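Before I ask anything, let me first share the structure, which is written out below as structure tokens.
Note that the chains are named A, B, C and D in the order they appear, and that numbering of residues resets to 1 at the start of each chain.
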Amino acid sequence: MASTFGHLFRITTFGESHGGGVGVVIDGCPPLLEISAQEIQVELERRRPGQSRITTPRQEADTCEILAGVFEGKTLGTPICILVRNKDTRPQDYSEMAKAYRPSHADATYDAKYGIRNWQGGGRSSARETIGRVAAGAIAKKILLQVAGVEIVGYVKQIKDLEAPIDPDQVTLEQVESNIVRCPDPVYAEKMIDLIDQIRRTANSVGGVVECVARNVPKGLGEPVFDKLEADLAKGAMSLPASKGFEIGSGFAGTLLTGQEHNDEFYTHNGEIRTVTNRSGGIQGGISNGENIVLRVAFKPTATIGKEQRTVTSNGEATTLAAKGRHDPCVLPRAVPMVEAMVALVLCDHLLRHQAQCNML
Amino acid sequence: MASTFGHLFRITTFGESHGGGVGVVIDGCPPLLEISAQEIQVELERRRPGQSRITTPRQEADTCEILAGVFEGKTLGTPICILVRNKDTRPQDYSEMAKAYRPSHADATYDAKYGIRNWQGGGRSSARETIGRVAAGAIAKKILLQVAGVEIVGYVKQIKDLEAPIDPDQVTLEQVESNIVRCPDPVYAEKMIDLIDQIRRTANSVGGVVECVARNVPKGLGEPVFDKLEADLAKGAMSLPASKGFEIGSGFAGTLLTGQEHNDEFYTHNGEIRTVTNRSGGIQGGISNGENIVLRVAFKPTATIGKEQRTVTSNGEATTLAAKGRHDPCVLPRAVPMVEAMVALVLCDHLLRHQAQCNML
Amino acid sequence: MASTFGHLFRITTFGESHGGGVGVVIDGCPPLLEISAQEIQVELERRRPGQSRITTPRQEADTCEILAGVFEGKTLGTPICILVRNKDTRPQDYSEMAKAYRPSHADATYDAKYGIRNWQGGGRSSARETIGRVAAGAIAKKILLQVAGVEIVGYVKQIKDLEAPIDPDQVTLEQVESNIVRCPDPVYAEKMIDLIDQIRRTANSVGGVVECVARNVPKGLGEPVFDKLEADLAKGAMSLPASKGFEIGSGFAGTLLTGQEHNDEFYTHNGEIRTVTNRSGGIQGGISNGENIVLRVAFKPTATIGKEQRTVTSNGEATTLAAKGRHDPCVLPRAVPMVEAMVALVLCDHLLRHQAQCNML
Amino acid sequence: MASTFGHLFRITTFGESHGGGVGVVIDGCPPLLEISAQEIQVELERRRPGQSRITTPRQEADTCEILAGVFEGKTLGTPICILVRNKDTRPQDYSEMAKAYRPSHADATYDAKYGIRNWQGGGRSSARETIGRVAAGAIAKKILLQVAGVEIVGYVKQIKDLEAPIDPDQVTLEQVESNIVRCPDPVYAEKMIDLIDQIRRTANSVGGVVECVARNVPKGLGEPVFDKLEADLAKGAMSLPASKGFEIGSGFAGTLLTGQEHNDEFYTHNGEIRTVTNRSGGIQGGISNGENIVLRVAFKPTATIGKEQRTVTSNGEATTLAAKGRHDPCVLPRAVPMVEAMVALVLCDHLLRHQAQCNML
């Protein structure tokens, strides 16, 4: 259903941008995992607003409280609930948007669907909802690392037409976190920051592409047919706010090659079957093959901008809107931990599913 | 789970390329829908092998039998089961592949996951599995048409570097079906057919892009957060064999625009709120806005090719493989009804979900 | 999964008896339902500890906070989260039970399953978990009442060998709430209260049977095969702490009749098809027939008692235990709102499911 | 959804009593399990009509075909589809029931829900649907036996007021199968057969109770809260046609004891924690404790009888009906393998779930 994701490692998020708070219930987590609020907070810091001059200035510490499911520092196996209170809310900034629909935003469709919406901020469509995903993703990452040494690293690959050359096999979290735009190439990072800063000053916005790699993923994760690993990754990525496209491995560019050029030939290395190239992006037939999983997610330019645009009121009357409120001129830097979280959630769910079905007899 | 798709209009497919047959169970279908095997057969004809010189020569009539769920020409509301027997199987063609893994195919990952695979043909990873999807899609299409006048039209947009200019707002099924490659532009269709024919003669393969439009989709379908309409469409598309990428609306190209350039401004037309442009692709905040839903799916070049490639056996010994068997030099023409089916299944499921939640009080 | 119940009107509970709190996320609730924390509190009052001398003396106001999903007094259609903080916790009372397993309690099986448990109170097996169910049930009841006039009334039918004669077609909430044991027959209520009071003084416990009736349930709810209405009701009831048996309509006693004696003959009343008798308990073939739904749930005597019993420690060493802590001498009075909640949750879920499938074409 | 059962070991049944056939798709089955159609047929023989003079005389061999999912005698890990064709159908016997509703049968409620029903036989409400369950149960049983040595034995405990004394800890399949009523006590078996034979001759019917024991169930299966093992067993049992009640362990009779009398004290035997008594029925707090799981299911007398009864037509006109067709005078003998199948399906599903969550870190 709408607010639940995963089959065995299953999360349910709740909350709106303005209201009591946002959070997540994680059901199906293995017991005896050591986890602390501090470890979760590390990931929430990467997501939180106000972290730099190129993100929204909304000030939220996003301090999380573990309400349930952890006892004496270990998971109990029962549902974990994590809550983050909303603090720095300014509903008055949204009074104009209570009436005028923001172009390319969810205001109009929520009204069309439900006949009601929380017009104080984005309500449920706000990126604040992703706090629950990132918190749950922190736990999923820890399980993946502990069980199989899986490393997940996301980064900004492209901002508008600035595309950085990055080797997914080598990129490190440290490189990513070394600058505020989260592009591991320092030269491109500088250019990207300048571009975002410039677009921010014009009350406009830009989009781009996040690339994400998962290394050391065990062979055999994913299932044939509908729950192919790339299908679940695509769903996870395309469920993030502002995402418009998804690619695995060669993606759209792969359509320009012939089969002979595109196929990943097999060879044996240290007794293990490997592929010479990795156009498959670590997945063949829906199932991980042990190579690095590499994917890309396109994010559109932020819909809410300060520039004046033509729109209509909920009554259908023509009007104009120059949005107030505090908004990201570019969602990409904060989208990096979101993409990583979705990748971690999908992989952790499939790790448990594989364990259930294929390590039994 | 792996072989089930949808929450309310829910399908479960079964079967391998070589074995008793393939089919689908459809649960949750509204009662009293008039449906016949003939109507389903029409869609299966568009998917079946051997339909033209640019598809696999395997000869399968793919005649379907409705085993259950339909009585006196109408759906009962209980599960519909549709079965297609496998006829023209040649397991002997696959004897070599019983040992040597096809590069970029599912052979190796199935073995890694399950420790066993049906090496006669592609087993469960064969595109024959999609027969069940297309059959179920035919029913979903009929419901969508009957309830809301929804039209779904897919077509080949691109083969390798040949990209046809097509207007999704105007394209018709008749145009699509007027040639064997299913590109509604007759000039490009000719070029594409030539290209595929040529690549076929070299025992190689090519990929491309299917575009699909859904028109007259009611406002309000889709849900916030994880089951966004584009997320479920992405999952459906990326669960198709050979798919490597998915875009909705502006997609990856949208990342090159600023927010001001990208946003779809609202206006009122005949009392209805519409958008001037449609870079959103008919979906905003995960929910349909009444504009045409437009999406694209990238398909890689067919992995199984007749050219010799380096690979390994299941024991990890180096060998070469020039695949026998009958394979599509390009999956695109037959992928068109598959993409349409997945779009129909997602929309029909969300139509029922919307009806349940939002037409109640 | 473990902590989620329902397919469309879907709840996920979280929390342990000792810890940050307990609560529920309700996903799939129709929008625009008027609901307040006060309305939910009314039901929580019926469930809360310390409400009378025959329940546990633990003092919890169980004041609920609606964290999300309600705006200006109306449901948004997005997830509703309700939180109740734990206040009057006394972990020191449980220090002995940290080591010695309570007979017939979940202590030992939680340890066997998870290798860890929150030994402060019952952890996740505590009846405090049902706060989330009762809160969600309050909303489900309101939907059922508003859409179809459904009334759900539960009551104590039997305590130990005291079985009260009650007419499910006539019983009222007022009668039920007129005494602390929630038996609508005042004579039997008095006897039951005396019995529980007496057993309480001996540090022992008793069980009994809750009967529940749902009136004005529309025809057509429930589904053939696995999700029969009685099957989902049975699951809901048997998921309550301490439940050991479930009956619908004639139940076990019906096995003593012949088919001719047992069958409910049909007749027409005011143009509507009715049954003369109601041994079916309002459900035939898994689907409601418009008659009153009548079911019974058996609850064992409370496992945690003050009397000394032989048991073992988690290391398997023989010991004895006379439980401290504050426990109900009989769960029945507080089980009444729990049973009602589960019935409401099942009916509301099936109301939405029926709406989705059968009011579409 | 209606026709799917289980979370990881998941089955979907299809088919009506009159039509192309009935069957099941099993998804999530572990790979490499040796299984043959013959092994499945053994269980189907126990369920099939016409097996003795006290069952319906409808002659169906119920020969099963494995359509998919098994290769060279072993499961592939992908969906298994099993089909049984309908052969000995006599729709003409049902022509009267096309108009007149059978009292206490699903005819009227199906019409009320769907506005249509397959009036040739019971359609989807026919016990023929359980063929799929029994076939899937045969596979579940084999997994349980192979992984953990689990034995599941069901038997007729009671027919009308004849209740046989049987020790669930000792009863064997051979004893159960030694007579046509499936009561392991030979004296009571004789009495029961006489009673059913007598009731059959009067065109009437009787009900009774099936008891079922599962031995050697590992500790730790089942989950807290909603998916308690007894809750899923209750749902499985109450989803069988004609079931009206469910008990685990002490059941309704347990309500007559005090806590001190009812509690199962712990002791250590050969280093393992055991309980002295087993009023819990092998489950505490929703989780198996390693003792024998013992449950009972009440089945009403068969609704379809040859005696004349008052009823109405689908138009609501008063009429009478003396049912033709071939019906069981008592469902109990054939219900035994159905109950066993549901128990096996629930246990196998929870075995996989436990493996996924608790054998990971």
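Keep in mind that, in the parts below, contacts are C-beta pairs under 8 Å (C-beta built on N, C-alpha and C of every residue); 3 or more make two chains touch, one makes a residue touch a chain.
Bear in mind that the values here come from a model prediction, so they are computed numbers and not experimental data.
Undergrad: Using the touch rule from the top, work out which pair, B-D or B-C, shares more C-beta pairs.
TA: Between the two chain pairs, B-D has more contacting C-beta pairs.
Undergrad: Name the chain whose C-alpha centroid is farthest from the C-alpha centroid of chain B.
TA: Centroid comparison gives C as the farthest chain from chain B.
Undergrad: At what distance in angstrom does the C-alpha mean of chain D lie from that of chain B?
TA: Those two chain centres are 38 Å apart.
Undergrad: Please tell me the distance, in whole Å, between the geometric centres of chain A and chain B computed from their C-alpha atoms.
TA: Roughly 26 Å separates the two chain centres.
Undergrad: Provide the C-alpha centroid distance between chain B and chain C, rounded to the nearest whole angstrom.
TA: About 45 Å separates the centre of chain B from that of chain C.
Undergrad: Among the residues of chain B, pick out those that touch two or more other chains and give their numbers.
TA: Correct list: 1-4, 7-8, 13, 28, 31-32, 77-78, 113-115, 124, 224-225, 358.
Undergrad: Could you draw the chains as nodes, link the ones that touch, and say if you get a line, ring, star, complete or other?
TA: Contact map by chain: complete.
Undergrad: List the residues on chain A that touch chain C in their complex, please.
TA: Chain A reaches chain C through residues 1-4, 8, 10, 12-16, 19-23, 25, 27-28, 31-32, 65-69, 71, 74, 76-81, 83, 113-118, 123-124.
Undergrad: Where on chain C does chain D make contact in their complex?
TA: Going through chain C, the ones touching chain D are 1-5, 7, 13, 101, 103-110, 112-115, 124-125, 129, 158, 160-161, 199, 204-209, 219-220, 222-228, 230-239, 241, 243-252, 254-268, 271-273, 275-276, 279-281, 283-290, 298-303, 305, 307, 309-312, 316-318, 354, 358.
Undergrad: Provide the residue numbers of chain B that touch chain C in the complex, in ascending order.
TA: Counting only chain B, the residues touching chain C are 7-8, 28-33, 77-78, 143, 146-147, 224-225, 351-353, 355-361.
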